[in-house]
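Written out below as structure tokens is the structure these notes cover.
Chain IDs A, B, C and D follow the sequence of writing; residue 1 opens each chain.
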Amino acid sequence: MRLQGIFPPITTPFNSDGELYKAKVQHNVEKWNRTALSGYVVCGSTGESVMLTTEEKVRMWEWVAEFASSDKLLIAGTGVESVRETVDLTNRAAAIGYKAAMVRTPHYYKNLLNRTEAQVLYFRAVADQAKIPVMIYNWPQATGLDIPAEAVIELSHHPNIVAIKESSGNLEKVMRMIREVKKGFQVLVGSAPTLWPSLTVGAAGAVLAFANAAPYATITIWEAFRTREMEAAQDWQNRIAHAAYLVTTKYGVPGLKYAMDLNGYYGGPPRLPLVPLCPEAKREIEEAFQHLKG
Amino acid sequence: MRLQGIFPPITTPFNSDGELYKAKVQHNVEKWNRTALSGYVVCGSTGESVMLTTEEKVRMWEWVAEFASSDKLLIAGTGVESVRETVDLTNRAAAIGYKAAMVRTPHYYKNLLNRTEAQVLYFRAVADQAKIPVMIYNWPQATGLDIPAEAVIELSHHPNIVAIKESSGNLEKVMRMIREVKKGFQVLVGSAPTLWPSLTVGAAGAVLAFANAAPYATITIWEAFRTREMEAAQDWQNRIAHAAYLVTTKYGVPGLKYAMDLNGYYGGPPRLPLVPLCPEAKREIEEAFQHLKG
Amino acid sequence: MRLQGIFPPITTPFNSDGELYKAKVQHNVEKWNRTALSGYVVCGSTGESVMLTTEEKVRMWEWVAEFASSDKLLIAGTGVESVRETVDLTNRAAAIGYKAAMVRTPHYYKNLLNRTEAQVLYFRAVADQAKIPVMIYNWPQATGLDIPAEAVIELSHHPNIVAIKESSGNLEKVMRMIREVKKGFQVLVGSAPTLWPSLTVGAAGAVLAFANAAPYATITIWEAFRTREMEAAQDWQNRIAHAAYLVTTKYGVPGLKYAMDLNGYYGGPPRLPLVPLCPEAKREIEEAFQHLKG
Amino acid sequence: MRLQGIFPPITTPFNSDGELYKAKVQHNVEKWNRTALSGYVVCGSTGESVMLTTEEKVRMWEWVAEFASSDKLLIAGTGVESVRETVDLTNRAAAIGYKAAMVRTPHYYKNLLNRTEAQVLYFRAVADQAKIPVMIYNWPQATGLDIPAEAVIELSHHPNIVAIKESSGNLEKVMRMIREVKKGFQVLVGSAPTLWPSLTVGAAGAVLAFANAAPYATITIWEAFRTREMEAAQDWQNRIAHAAYLVTTKYGVPGLKYAMDLNGYYGGPPRLPLVPLCPEAKREIEEAFQHLKG
């Protein structure tokens, strides 16, 4: 399975009552279908998966599968703390037609899980029982736990673990993993501000929240990298830098959803305790996205 | 509502297939019923709540309500990331007869939630809609987020927020909260190794994982404190120190479950990725619990 | 050597040119001489030791030795990163008449020093060559490194290491060290907001920046503890809490120096990059110290 | 002043008594003189500056100035906590002929210094009085404080602050600084494992501990970058990765000194509490440096 190019971890649209909003899922997916995005990650952190019930996750998977064009690779965010529930979710996604599962590192019992063996045990147990390939998902800024490179290198030898999405932004770790994982295992990154240098050192692709609102800019960097147009790549990287910072680090999902609203997608409200942006933050985002089309 | 004395956040018994084990819930609760424990917290961190489905949580609440003696106060661990699901869980527990809800600080989107206003917004929104009083639950060692004392002080004025379980072990923060919260708001602690000094500075009680396996020792400290027998309190505090360290910080839930097995309760296996103890760890716990009865 | 009671780590007075100010050293020390403080720590963190040249440290040691009354125990802050310079400084202080050396944990090369063996090696090497007893000094809030309890327990067996000043505020660690160190080794704390509970669990005394400005309040807590007047101790602990927070955590040395100015001592300006307080901070401190005499 | 290319922060040679070893300074510098290194940083973290007395630093500056060939730019590591001592050291280095001063972020009083204004105040005060240009030096892994990009951007407008050595390894921060600092201000990096991607995104050069032992490999990457030989740059980056990790992150200065001994330089012993390597670590380094010449 080749996980190349740019994947948005898609946002989950809610209506004004806070319910899932199917029409807007359709709207967004059909608009993204017309881009060169490689596929969709459904129910990741950007999809507010920690705010969704199991039934809501399943509905999102079904709807996206219904609306996605056939050339888009479908990846389901299925990781929760326990092995058994993660396996169950993964296999429900597989039954719906998803091709891979993105599984977040378990992290709640940090003092027990914050070591190579515990992470290896979890991912092996999940991958052994999963009917589709597993992509490890590491985002220490949210989980408070950074899966060691050693664990990833060891897990890369498992036949059903095919990739990692490394969102720490730590390029030294990315480089080390690229050097030392089993041939064929793919390292994707999850940080738009370092997309270009990450591709330069060998990342296979990227899962970028920012691509929800501005897919073309990220695809442009990807294409510039592939055709070795270094100046163009660097130039576009600089152009997206501030906007990407605003809708990820600074304002998170509520910021990203507002940028989507600006760019012809449906962003809408997040779920509490996340809150819609204040007017000042909106203006900041409006300015940053002025020249970035959806 | 008076939340005084010692509450175990009870463990969740699984059988060898990893399923909930009702007979053992009954066994444990009936054994604890014969102690002076003040009540039970059901589906907290020690109850592996992050490993349970919603249906499993509800079943645990029902079973414990069925077996608990009438003098035990029932508290449900209901906090998840979203306001709406936390409210829903809280009100299901209320319908079963629970008297209070212990609600963990939301923490996944750390960069957005790591501030006073975000925490205040969440707990207010939950408490406004909850049919039973709310106890804030702060355990930064797991969540990676420490609710500021300022937020707790502000929230203490909400009529439906009655207590905090502060498990950080930070006594300076405990003391500050006790000084500055609204009169009547109760500060409980969640750290057995500092139980006695916490009571000394004014903590109303404690929610202690350790009390699952060794309730009498913790009650003895509580009684010694109430009767101002300082030497006895300090002596018992020293006696439990190492054992409490082993089954919380060092070996966590798997260690605690093993200590329960030693002391006439059913501990049983944890859910993966937590794993049963190795023989060496078992011996360490056996030695530490030699003189601590269940 | 008995290190009981309250020791201020004294501030270093500078004149308006930023030079050491001998007359004010004399003024402060003679005023403290009239209190029941147990002694003085000269050139600790509160003494801005990291801002002083070696010659300035020696001058401070000499001046304080000249002005201190004979009942005050003199302790020199002598810890720097290298063993050889720490030993040299310690023995210069010994020659001036200091009775003990307070030695900060080495910490600059964190990834190498952040382990039990490295800390044990350092303190053993220093203590072997020091002509006066050594007190370990741990303040992770400044050094970014927390000496493990295991290292302290091991070092407590060295004949020339007699105490630790633990300023982390971590009462669980304090309790564990008190339980497990060699008999005779003394645990002092360095955090005024937790003074009383620390004494309650067995701390021998305290080195408190706050005592520079308000010695009587800290001595009152000490005396109340010794005579088992628990209510009085708790009452005074509450009275100093906010003031102590302001001149340590919130405003640090500049805040403490201003409180000294208010209370009849010479505080004066700190050295850059520390800066004198803004008017608003001054007002906050004035209010907090209104009923705390010098 | 152009700070381009590769600069080693040179190690400080000690003899078996732990004294400065002039003959070996001469040996090392004369050997490095024959390479294309751009200059030398004397008394940085790698030079164990925190272990040196003021007099020893001055001697090191004098000796290196005596032996360095005239085409090498001389930079003195002069940063200590106080403004006045940093200025004094900087101007002594200037008098000896140093062309720039590398000044570490002040960090001991973290809670006061951990903000943009405090860092800006310090560096402005130093730069105002310094007779040579200042390079900011940020190494949060040692100092426990990460100077904010905002502070660096603001300081880049000071006429006497010309560069930053950013050793955090955070490429996103490096990219942001390159985008937002005043034109002409130079961003150098201090992390060998990310040298190539750092150059790719616009770093002016690098100050690399690893270059003490293996200057040619780092220069090769620099030259490959300049001539746009991307494959060669990546290839060499991969070749040095493990060796660089060993002599920086894993074994630090003692590891680097051993690698220098292997490669025809004098490394020698570090100062306590740093300790020479154990045989196993030596073997690890021998293997990693097998194909990296000095």
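In this section, contacts are C-beta pairs under 8 Å (C-beta built on N, C-alpha and C of every residue); 3 or more make two chains touch, one makes a residue touch a chain.
Just so it is clear, the structure is predicted and the values come from calculations on it, not from any experiment.
Asks: Sharing over half of the contact pairs with A-B by residue number is what counts; pick that pair out of A-D, B-C or C-D.
Replies: Looking at which residue pairs coincide with A-B, the repeat is C-D.
Asks: Among the chains, which one keeps its Cα centre farthest from the Cα centre of chain D?
Replies: B
Asks: For chain B versus chain D, what separation do you get between their C-alpha means, in angstrom?
Replies: A distance of 50 Å separates the two centres.
Asks: Return the distance between the CA-based centres of chain C and chain D, expressed in whole Å.
Replies: Distance between chain centres, rounded to whole Å: 34 Å.
Asks: Counting only residues that touch at least two other chains, what does the list for chain C look like?
Replies: Answer for chain C, listing residues that touch two or more other chains: there are none.
Asks: Can the chain contact pattern be summarised as a line, a ring, a star, a complete graph, or none of these (other)?
Replies: Ring.
Asks: Under the stated touch criterion, can you name all the chain pairs that qualify?
Replies: A-B, A-D, B-C, C-D
Asks: Within their complex, state which residues of chain D touch chain C.
Replies: Residue positions touching the partner: 18, 45, 50-51, 53-54, 80-85, 106, 108-113, 118, 121-122, 125, 141-144, 249-254, 271-275.
Asks: Contact residues on chain C for chain B in the complex?
Replies: Going by the criterion above, the answer is residues 169-172, 175-176, 179, 191, 193-194, 196-197, 200-202, 228, 230, 234, 237-238, 241, 245.
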